[in-house]
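Accompanying notes for the structure given below.
Each chain carries a letter (A, B, C and D) given by its place in the written order, and its residues are counted from 1.
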Amino acid sequence: MDFRSDNTAGFAPEMLAALAAANDGPRTSYGEDAQTRRVQQHLCELFETDVQAFFVATGTAANVLGLSLLAPAWGVIYCHEEAHIALDECGAPGFYTGGAQLHTLRGEHGRLTAAQLAMLLPDGRGVVHHAQPAAISLSQATESGTCYHPADLAAIAEVAHAHGLRVHVDGARFANAVAFLGATPAELSWRAGVDVLSFGASKNGALAAEAIIVFDAALAASLGYRRKRGGHLFSKMRVLSAQLEAYLTDGLWLRLARAANALAQRLATGLAVIPGVRLMHPVEANEVFVQLPESVIGALLADGFRFYRWPDEGSTTIRLVTAFDAREADVAALIEAVRRHAAR
Amino acid sequence: MDFRSDNTAGFAPEMLAALAAANDGPRTSYGEDAQTRRVQQHLCELFETDVQAFFVATGTAANVLGLSLLAPAWGVIYCHEEAHIALDECGAPGFYTGGAQLHTLRGEHGRLTAAQLAMLLPDGRGVVHHAQPAAISLSQATESGTCYHPADLAAIAEVAHAHGLRVHVDGARFANAVAFLGATPAELSWRAGVDVLSFGASKNGALAAEAIIVFDAALAASLGYRRKRGGHLFSKMRVLSAQLEAYLTDGLWLRLARAANALAQRLATGLAVIPGVRLMHPVEANEVFVQLPESVIGALLADGFRFYRWPDEGSTTIRLVTAFDAREADVAALIEAVRRHAAR
Amino acid sequence: MDFRSDNTAGFAPEMLAALAAANDGPRTSYGEDAQTRRVQQHLCELFETDVQAFFVATGTAANVLGLSLLAPAWGVIYCHEEAHIALDECGAPGFYTGGAQLHTLRGEHGRLTAAQLAMLLPDGRGVVHHAQPAAISLSQATESGTCYHPADLAAIAEVAHAHGLRVHVDGARFANAVAFLGATPAELSWRAGVDVLSFGASKNGALAAEAIIVFDAALAASLGYRRKRGGHLFSKMRVLSAQLEAYLTDGLWLRLARAANALAQRLATGLAVIPGVRLMHPVEANEVFVQLPESVIGALLADGFRFYRWPDEGSTTIRLVTAFDAREADVAALIEAVRRHAAR
Amino acid sequence: MDFRSDNTAGFAPEMLAALAAANDGPRTSYGEDAQTRRVQQHLCELFETDVQAFFVATGTAANVLGLSLLAPAWGVIYCHEEAHIALDECGAPGFYTGGAQLHTLRGEHGRLTAAQLAMLLPDGRGVVHHAQPAAISLSQATESGTCYHPADLAAIAEVAHAHGLRVHVDGARFANAVAFLGATPAELSWRAGVDVLSFGASKNGALAAEAIIVFDAALAASLGYRRKRGGHLFSKMRVLSAQLEAYLTDGLWLRLARAANALAQRLATGLAVIPGVRLMHPVEANEVFVQLPESVIGALLADGFRFYRWPDEGSTTIRLVTAFDAREADVAALIEAVRRHAAR
C-alpha cells in the first residue's frame, strides 16, 4: 500500500517484454537502428507534425537538455516555485545552460498564468546588466496534480513569444494530462505554442525512458551534440527505443495514465467527503494532496500505508500518488482507513 | 557476422532475467533500495576494500563524472590520443569539469608509460598562466585492445601521485582486462594507485549499466550531487542495480569477458598466419586490429561481414570486435574467408 | 549636477598621480612587483590579520571570483533580492561557479537578518535532489544605502557557519560603511565571520580597482588560477596596485567616503523636512532614496539635475548618489530646487 | 636593460595624459559616453568597414570573449601549440566557451598553414561522438615573432570557411604585424577572412586596454552580455576609451610598434653576425629568439641584462623583447656584451 511516488512503482510488463524482444542480435548502435527510427516516426504521427525526438533515460536529462536549447548562459528561465527543475534537479538547468538562472514564481495549484507572465516580462530585455528573459518552463501535469488546458498554454505561449521567450514543458506526467484533458498531444504542445516538450514515460510504467520532443527542427540542430557530451547517448539505443515503442503501441501510454488518474479520482472522491479531510488541489492527474489531522496521519503510517508529507516533514498535508500499477483495493483500503481514523 | 563493436551486440539473458525479477512491487526510489545496497556491498568485496560506487547508464557518464572529481576547471587531463574521452565523447570531459583541457599523448599499442609521464610532468605546476596538471586517464583495456599490467599501472600512478595528479581508469572493457591479465580487480585498481575507475558493463552484456568506483571516500563526497545535476540519477535505480547484480553474480562478468577474449585470440591466431595479413597490436582483450589488402576487405564486405576500418574510412586496417555473444562459427567463417580471399 | 551614480563620477587626482608615478621603468609583470606586495602588506595591516588579496578591475569580477571560492556548481547562494549579484551582473555568479543558483530574499531597507536565514537554512542539506546551501552574500553598504552593524553581520555569519555556509560581502561601498559605522575593517569582516570580501575602490574615486580579500588562506589557494582563466590577471599589475596604494595611503579611502557620506546626510536632512518628500530608507552611506511628487521630478529634470528613478522608470522614488567628488553647492542647489518645486 | 617582455614595460605618456584628460566630470557609465563612441567610430575608419568594438582590459579577456562567439561548448579550436590561448591563459578558452577543446598544431616559426588545416579538417564533422571543428585561432604577430602575410591569412581563412570554421586572430601584437608587413588593418583582418580580432594595446604602451573587433554584426549580438557576465564591463568605460583614443590618435599605435620593431631588427642584425649566435626565427615584430652558448647567457645575466630563456629555464635559446619604450643604447649595449662574451 505504497502511495509515495510513481517512481517507487515497478515496470509495465509490456515494457519488459519489449526489451526481451529487442534482444534480437546485432544492431547498429547509437540510435541508427530501425526500431529507433520507427519510434521517431510514431512520435511524428502522434504529434501530427514532424518532430525531432531524442531519447534519454531520465526526466532531469530530458528537461535540462531541452532547456539548454532555449536559454543562453546569461538567460533567465521562469518557472513555478515548486517546479521539478527548481526544486529537484540539484541545479541541473544551470549546469546544462552554462549558468542560466531560474526565476521562480508563485501560482495557485501549481499553475502559472499568462497575466502573471505579462506583468513580469517587459523588465530588463536588452540591458547588458541583467540576465535576459529566455524561456518559461511549465509542468504538465503540474507538481500539484493539476493541468493546463490548451487555452491556458496558448495564452502563456503568446505572451512568451511576444517577448522573445521560448516555451518548455516538463511532461514527466504528460500522459496523465492528456488522459485528463482529453486533448490531443498536438493541442497540448505545438498547436498551443510549446517549443520543446519532455515526453515522459518513466513515471508511467517505463523502466527509464523519456523523449525530448523539439517542434522546430532548426532548434534541434545542436541537440545531438548536447546529448552526447552530457553522457546521455545510449550505445544500445534499443534499450530506450524498445520501451518507447511498447509505450506508444496500442495506446499503452494512455491506458496506463487513465488507470492511474481514475484511481486518483476515486481516492479524492472517497476522501473529500470525510469530515476533517481537506483536499488541497483539484485532482486532475494521478496525485491527491489532502490535509489530515495529525492523528490520522500517524494512524495511517502505523497501518503501514506509505506516502510523503508535503512539501516537507513538518506538514499535515500528505501527497498520495496513484501509480500506473496502483490497485483499487489499496485505494479502497486507504479511504476506509482514513474514514475510520478520522471518526475517532 | 557482425564484428563492428561490443555496442552492436545485444544483452546477456541473465541481465534481462534480472530486470524481470526486479519488477517486484514498490521500492524506494533513487538508490535507497536493498538491491542497490547489495550491489554496492558486492563491489566492496570484489575490490577487497570499501569503495564508493555510483551507478549510471553510459560509459561517457561514468568517465566524465569520475574525471570531474579529479580535475578542476583549470586542470589538464593527460590521456592517450586515441582515448575514448579524447575522441568519442564530444567534449564531455570539458563539460563536466567546467573547462579542463585534455592533453593527448602518443603511445605504442594504445598504452602510455610512466617514463613518458615523468618527462612531461614538471611543467607549469603552480604557475597561474598555465592550466594545471590534474589527472591522467588510462583505458583498461586500451582502445588498441591491449592491457596495462599491474606493474605498469603502479609505475604510472607513482609518477602521477608524486606530481600531485590523480589516476583515472576508463574501464569500459575492465572485465576483458581482468580476464586477460589474471590479476584481481584490486591489483588493477587501488593497489596499483588508481583513484577512480569506470567499471563497465554495457560493452560486456549489459543493456546499459556502469559503475563509477571511487577508492577514496572523501573524494566521492560530491559525486551524488554531480550525478544528479548531470541528469544521471535513475529514479528507478533497480534498473541499473538489477543488471549489475546479475553481472557480478556467479562471475558472469568474467565469464562473458573470457568468452569474448577467447574468440579474439582465436581470431588473431587464425588470421596472423595468413600471408598478407598483419596484426597491428597484441591481442589482449576482445579486439583484433589487422591490416589487409584492400581487395580482401572488399571481398569480406561483399560476403556480408561487418566491421569498421580503423581509425577511419580511408584505412586498410580493420577492427574486429568479438562481443560477449560472438559465435565461434562466425569467427571460423571470418578466418576462412580471409584465407580464401587472401589466397587469390 | 549629476546624482546618477558613483560610476558616473571621475577619478580622484591622487589615483591619477599614483599611475603617473608608477610609470617608472620596467617591472616584473603579473603582480610580482614590489608595489603589489606593498599593497598586499598594507591590506594585512588594515585588516589586522594575514589576508590573501587579489586585485581586479571591476566589482563584478571581484564578487564572482570571490563567490566561486564559496559555492560549488550545485550550490545555492542566498542574497537580497536587490543585490548587485542578483540584478546587475547578468548571471555572472552562475558563470563563475559553473551553475550555482541564487536564492533571493526580501529584507527591509536592503538588509537580511540572521532570523530570516535561520528559518530558511535547514532545508535540503545533503539531499542530492536539491541544490545545496553554500553561501550567503551581503552588500555592505546595501543597495538601499544602509549598513550592517558588526553585530548584525556576526549574527548572520553565526547562523551561516552553523549550517555549513560561507559568508561573502559585496563591499563595492565598503568604505562608505566603514565611514558611517565607525567600526574597523576587521570588525566588519573576519571578526564578524566574513569569509570573503570585495573591497571596492571603483565607486569611491578609483579609475577601476577592487581587491578580493580572502581571510582563510586555504580558501584562496585556487584564486590565482580562477582570476587568470577569468581573464582578470593584469599583465601590468602596477595599474591596479598603484591605484590601491594611493587609495590606502593617508586614509584617502576613508576621506573620500566620509565626504560622500556627509553630502548624502546633508541631502537627506535637507530633503526630509520638505512637505511631500518621503525618505524611503535610512541614509547610512552615500545614497538617498526619496519619493517625490511626479511634478517635482519632472521639474528637477527640466532644471538639468540628473538621477535615476528607482527601481525603474515607472517609479516616483528617485535615487540620489553623492559620489566622492560631489559638490556641496550641487547638493544645496538640489535641496533648494526640491523645496521650490514642492511648494507649488 | 630589461628585455623580458612588453608587459614589463611601462606606459606611453600619451596614454597617461589621456586618462588625466578624461577626468572631466560626470559621464554616463558602462560605455554610453561620447569618447567611447568616438573610439568605436575611429576603429570603423581604421578598419574601413563597420566593426563592432568592445573594450576590455586584458588580452586574455579579449581572446576568450572573442572565441566564445565562434566555438560552441562542443567545439574544437585549432591553434599553434605555442599560442597564448594554449599555453598562457590557464584554460580560459574552455571556461568562456563552456568546454570547447583546443587542438594544438605544430608549425614552423610559430605559423600554421592552409595546407595543414586542409589535411586536418574533413574529420569528424557532423558525427555526434566527436567534438566539432569550430574555429582556428592565429596569433599575429606570432609567439615566435613572425607574421602572417595577408595572402597566408586569406588561404587559411578560405580553408576554414569552406569547412564551416570561423577565424580568430589574437592580435596582442597586431600593431607590430601591421608595422612590419606594411599592410592595412583591413587587409590583415576582414579582407583576408578574419571574423574576430583581438586588437591589442597593452603590449604596445597602454596601461591595460584591448579591443575585441567583430566584423560581422550578427556575430556580435551576444557579446555585450558575455562581456558583462565575464566581469569585463568597466563601469567607468572612459578608463579604457581614453587609452584607446590616445592609441589611435596621430598614429601613435603604429609609431610605437615601429620603434619596437626597429630595435628588434637592430638587435637581430647585430647579434646574427656574432659567431656562436644562432637566430631561431625570422624577426618580423619586436621579438628576437637567439641561441647562445650557456657561458654567454650566464655572463649576460651577470652583467644585469634581463630576459627569459625560451621556452623554459632549461633552454639555451633566449627571447629578447624590445618594448615600445626600449632604448637604442640598451640594444647597443646588449649586442656589444654578446660580442664580448662570445669572443672569449
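Methods note: a contact is a pair of C-beta atoms (placed from the backbone, for glycine too) under 8 Å apart; a residue touches a chain by one contact, two chains touch by 3 or more.
These figures come from a predicted structure and were not determined experimentally.
Counting steps between touching chains, the shortest path from chain A to chain C takes 1. Among the remaining chains, A is positioned farthest from chain D, on the basis of C-alpha centroids. Each chain gets one centre point, the mean of its Cα atoms, and the points for chain A and chain D are 51 Å apart.
We define each chain's centre as the mean of its Cα atoms; on that basis chain B and chain D are separated by 42 Å. Centre to centre, using the average C-alpha position, chain A and chain B are separated by 34 Å. Along chain D, residues 30, 73-74, 89-91, 94-95, 98-99, 128-129, 131-132, 225, 228-229, 233 each make contact with two or more other chains.
On chain D, the positions that touch chain B within their shared complex are 73-76, 87-91, 94-95, 97-102, 123, 128-132, 312. Those residues of chain C whose C-beta lies close enough to touch chain B in the complex are 30, 72-74, 98-99, 128-129, 131-132, 222, 224-229, 233.
By the touch rule above, chain D contacts chain C in their complex via residues 2, 4-5, 7-11, 13, 16, 19-20, 22-30, 56-65, 89-92, 94-96, 202-203, 207-208, 225, 228-236, 239, 306, 323.
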